Amino acid sequence: MSGDGFSRRQFVTAGGAALVSGLAGCSGGGDGGDGGAATDTMSSADTVKIGVLEDQSGNFALVGDPKYKASMLAIEEINNDGGIDGKQIEPVARDPQSDNQRYQELTREFISEEEVDVLWAGYSSATREAIRPIINRNEQLYFYTTQYEGGVCDKTTFAVGPTARQQLGSVLPYLVEEFGPKIYTIAADYNFGQLSADWVKVLADENDAEVVGEEFIPLSESSFGSVINNIQDAEPDFVMSMLVGANHTSFYEQKASAGLDVPIGTSTAMAQGYEHRRLDPPAMENIYAGVNYMEEVPTESNTGDGGFVDRYYDMYPDADYVNEEAETNYFSTYMYKEAVEQAGTLEQPEVIEALESGISLGTERAPEAPEGETIELDGATHHVDHHMWVLRADGEHNIEEVTNRKIPEQFLSNTVGCDLTQEDEQTQYTPVDYFEEAE
Amino acid sequence: MVNGLNLAFQFLDSFAFVVLAAAGLAIIFGIMGVINLAHGEFILVGAYATTFAVTAAGLPLPVAMVVGSLVTALFGIAVERTIISGFVPNWIGQRTVGRDLIEPLYDRLADSMVATFGLSLVMVQSARILFGNSIETVGTPFGNVAYGEFSYSTYRLVLAGVSILVLVAAYYVFTRTTFGTRVRATMADEQTAKALGVDTERTYMLTFGIGSGLAGLTGALFAPVLSMQPTLGDQFLIEAFVAVVVGGPSVVLGTALSGGVLGAVSATVTNLTDSTTFGRIALLLAAMLALRFLPGGITGFIERVRSRRQEGE
Amino acid sequence: MSSEAERSEASGQASGETASSEPERSEGSKNASGTDTTMDPNVRETPAGKATGDRTDTLLQTDDLVKRFGGFTATDSVDFSVDEGELRCLIGPNGAGKSTLLKLIVGTLEPSGGRIYYDGQEITDMEPNERVRSGISMKFQVPSVYGELSVRENARLPVQQLADGAERRRRVDEAIENAGLAGYEDVQASALSHGQQQQLEIGMAASLDPDLLLLDEPVAGLSVDERTEIAERIRRLNREEGIAFIVIEHDTDFVGEIADSVTVLHRGDVFREGSIEEIESDPEVRRIYLGGEQ
Amino acid sequence: MAAESATGADRGALARIRGRLEGPNTVGNSTGFWIGFAVAVLALVAYPLVGNGESFSLFLVLALLGLSLSLVWGYSGVLSFGQVVFFGVGGYTFGVVSINLPDPTGITAAALTGVVVGGITAALLGYFMFYGGVRDVYVTIITLVSTMVLQTFMAQTAGSEWTIGEAALGGFNGMPAIPLLELGITGVVSYQFVFNTLELFVPGLGTVEVDPFYYLALAALVAAYLGLRVLVNSDFGRVMVAVREDQDRTQMFGYDVKRVKLLTFTVGGALAALSGVLYAARNVYIDPQVFALWFATLPVIWVSVGGRKSLLGAVIATIGIEYFRLSVQGEMALVVLGALLLVFILALPGGIVPWIAGKISGSAVPVSELDDADAPAEVSES
């Protein structure tokens, strides 16, 4: 891919070209059902096939597009730097359009026909759960990079995004200390929102705070008059918000215009959908995001000149924002490179083994992850001990750092005892099985 | 804790949302018989046009809103001329093949549904290609009104007021003006209306334009309050259809009444169960029951009651 | 809004007449069968077969039948009866309530008051399709055959409930032949002429072997020989199959050709009843017809 | 006709079968049609040898959903958005029952229960509407609203309290870990159709591994298509078409129009549920997206583009549109798809297959060649 920016016009023509090849349909090149010795085309013998399925249209395009762009950036950098173990990376990318049905079909095609060596796919938890049966059946090495509710202990899945416990664990204690113990939780009314709300209860118990109210809002809701009134009625010290999606963004706008100025801790706002760039100030004033990464994270490897942000915008001049998931796509590609070079082969079981031997970025062998310091991939749980930041937006939506510290993934390792180096598993654990206060 | 004023404000909020969501559709679907699945995208055009008028052209918000509605009205007329009435394709057809290419979509419910679904796919994706996955939102004007420990955004109350104004204006235009009578005559029986000298082509065009303009106005009014994304139209679609159908034959009055009923149900249940999910499900179930037990919709029911009372039974 | 026009035009008439509780019987009307008007349902047992010649049993009886649309009274406490095998014509100026009466009998309209008896049972609240099953069949004012289906398919629909296999085919062919549509079996019904559609619809209604066939202006808009054809058809059905008829028709010659007796409806009530000669010679009838009355 | 000879007898039987399959209510009644049909089915049978059977089977499953709407809308005039409701109910029921009874008998029972529960749901919704005098656009809107109710409700069933026995409904993330489809009786005979490969010896190609689920879906689709052809050409089918054309007139021929609509709606619901069961079995997963508005609109588009009054049109259009929708890529994909829909419905309002049929047979109405399909060995007296 040429070095200059991947402007929209080029993308459209590429789309057109893909359209034509696409018409040949998924039955085209594939050598059909015969599972005999794969008569690989020559190119795949000495290239690394990386499959990237990220939403560039549909409901999750806003947060999915940066993920796609970051993967392409990492791949281009590695290729320019000699590739993996001397082999150039051949990216295989299609737009699933935020449609779980397309994810399933494209995952099938990427595994059985394109025969990708590794797969990055999916923003929402629903998408992960939709394709995990296909991943498990084919024992396909799979990176899931979105921050999520946590608890997935799966032999071939690497959930390298931060978990709800890590994110809420970074922002909630600070807010309790800073503003007081009374918490009001508002969350999107689906799995992620409900499990995150359970984690707020667990963390409140650990930090002797108290959840005075909890409210779940359907993804399709966009008027928050009653929610704002309930918050005012409960008079909490701060609010924990795990709202998700386009419709929920309007909560922040409506909260500001209703004059509700209680501090709000969040694990989803600003870092994923960059609301502070899209809404008019002071909508996001006094919002505290507990995340592993945002474009404004002040580390040398991120905002320093020639850093990750600069390189990202060099490649995509008209990109909107470098969000949390983009960084995870980026550094996890380097983790994969490390693992393949350690394993010396593309065979997925060996690469998984190398990944489980503990890959860390920020050492002399591998560049530092944009979120800063060294971060390690924990072999047993396939999760990452992230460098967690708490960042606050002021009246003009400028982002300032509040705290930052390393928070390891504890739920799967300590509480559940998931150790994939010892025994294979493909289950998702939830806090309610282990903490009674999460009832 | 159900606070009277809270409940009232929430009711106004739901009422304004349902009525404004259904405003344009009441005319395009209610009066003209076109099931417009791209209704949400007409609202999107109004919202984007208003936002750009403020951010790019620097116009004050009220002026930008008028611009937003007009742009959508013109867009609506363009859609009507090309797809709905097939005037342009037939004009071309006459000159090339010597016959009309397509038949108008009026009163062809299923076909208009498929056509407008295709149109909505094109509009959402084009908006994404041209303007990206999101554009900057304008701020919400007017502060808030505080009462006790609560406060409510003044703009939301203004929205409720405007929604009533829109209804009154539409009611006046469509029932008390000669233009209104011409529209209803054309829709009731185009042939007879044409025979009576009504320029039905122009009436169809203008009526569709007004319907689109109203949808654009809804987009303009909600622009400061919603996040500007190509898929913002989806949240209006179901409420709009339900309100129009539950409203019944006398379209404008019906939309107001169904907006009231559905708004009340949604606000009350949300308050009682403290869950917006059940508030939304209650609204949908209320709509299903209304459609079942009031076959002619609310105004159909009123019509029957009035005529039965006259029978003196 | 739509019923606006109807209401204003009718309001002028509605007034006084219906106020009296006891429906004053227009003098001179005699009930053709001479039996007491109020039927005692359980006394009369239903005849086994269809009595062809026997003219004494009342097949249909309406009691104080009322239908109001808002303020307008379409039928005003009508007492009306038809005997088995009787060919009754229904005439009267427009808006006299003829079509309304038919719709009340067949059940597509619910009465505002009064009762309807058929073949000894009360059918006031019976579903329309149940009434058809018990022997009442109707041809609508606007010819309504299934345009997209062929003539044969149209003819099969009513018959398939009654017979299968060879018997069904015989009846289908018979219905098509009687409707004068032999050779048109595979033609799409919408391609038929107006007259042919009328004939087909009459054939379909008749093929249900009804006891009572209601025809709403069967010859409206037809040529003279088409009218005689249909008149002949009705008479043959009446004589050979013993089907009783209620036929609404303005054309008095047509009525003269077929009617056993005639009922004149005026302002929603029975105005005169009798043979065609009596009706034609009655000055009162001519007056209300020719609009002498303001 | 003269006395039948031996060959005549089976020709008579064949003609009788064909007689039941043909009639004015279906497009394509000529021998040429049946030859074309046989060729098409053979092509589909051979497809996995050439193309990827595993992914193509999705289109066969969705074609069943298209057929269900074609029956309900095309043949009895009820435009329903609710087919995806029964599709989803069927799929979820299959998931719940099979997770709780994961052995072959249990899974087979789960499949049947899914279809039955889907049919019952259709019957209940149908009774609620038709016996309440609800007609035309109101039916469409009620079914549209019912999909929204289910989507909103199912999306929030994520908590642990929303489990039925072992099966967690899973809320927005969908129901995980549906057992692999294995039909039969435990211990006696059973075969696993999903995530399994079938060795076929094909002369000239050697042994080839194909996806058995593809053939299960193909068999279900062909059986459903032929079954519906028999239904719509039967006496009941004639009443359905009469109800579609003019329900008031049909009532006056003594038919209980409400009951006819309810029966058709229930059969359509069961067929949609069957499609949902196969969908959930194939993907080993089902989520509330199946109740989403855009998914509920797809069947209407398939049937409109394919041809409202043609079962074959629904099948061909479903497979064609879904194949295209899935394979076309790039940013312009949705724009192209939207534009195509617009052009198709404006240019060919009647749908493709009736248009083609019209072109082939030259006359507007596909007239059946057999003069009378009831019984070939007729002896005409008159």
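Every chain is named by a letter (A, B, C and D) in the order it is written, and numbering of its residues begins at 1.
In the analysis below, contacts are C-beta pairs under 8 Å (C-beta built on N, C-alpha and C of every residue); 3 or more make two chains touch, one makes a residue touch a chain.
Bear in mind that the values here come from a model prediction, so they are computed numbers and not experimental data.
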item: Greatest separation from chain B - chain, by CA centre; value: C
item: Centre-of-Cα separation between chain B and chain A, whole angstrom; value: 38
item: Averaged-CA centre spacing for the pair chain C and chain A, given as whole angstrom; value: 76
item: Whole-Å gap separating chain A and chain D, where each centre is the average of the chain's CA atoms; value: 39
item: Centre distance in Å when chain C and chain D are each reduced to the mean of their C-alpha atoms; value: 44
item: Residues within chain D bordering two or more other chains; value: 152, 156, 331-334
item: Junction residues of chain C, two or more chains touched; value: none
item: Contacts with 2+ other chains: residues of chain A; value: 12, 57, 189, 216, 218, 220
item: Chain contact topology (line, ring, star, complete or other); value: other
item: Pairwise chain contacts, counting only pairs that touch as defined; value: A-B, A-D, B-C, B-D, C-D
item: In the complex with chain C, residue positions of chain D that touch it; value: 24, 235, 238-239, 241-242, 245-246, 248-257, 364-365, 367, 372, 374-375, 378-382
item: In the complex, chain C residues that touch chain B; value: 1, 3, 7, 68-71, 112
item: Residues of chain D defined as touching chain B within the complex; value: 73, 79, 128-129, 132-135, 137-138, 140-142, 144-146, 148-149, 152-153, 156, 293, 297, 300-301, 304-305, 308, 331-335, 337-342, 345-347, 349
item: Chain B contact footprint on chain A (complex, rising order); value: 8, 12, 57-59, 61-62, 65, 189, 215-218, 220-223, 225-230, 232-233, 235, 246-247, 249-250, 253-254, 256-260, 273, 275, 277-281, 283, 318, 320
item: Touching residues on chain B, where the partner in the complex is chain C; value: 184, 250, 307, 310-311, 313
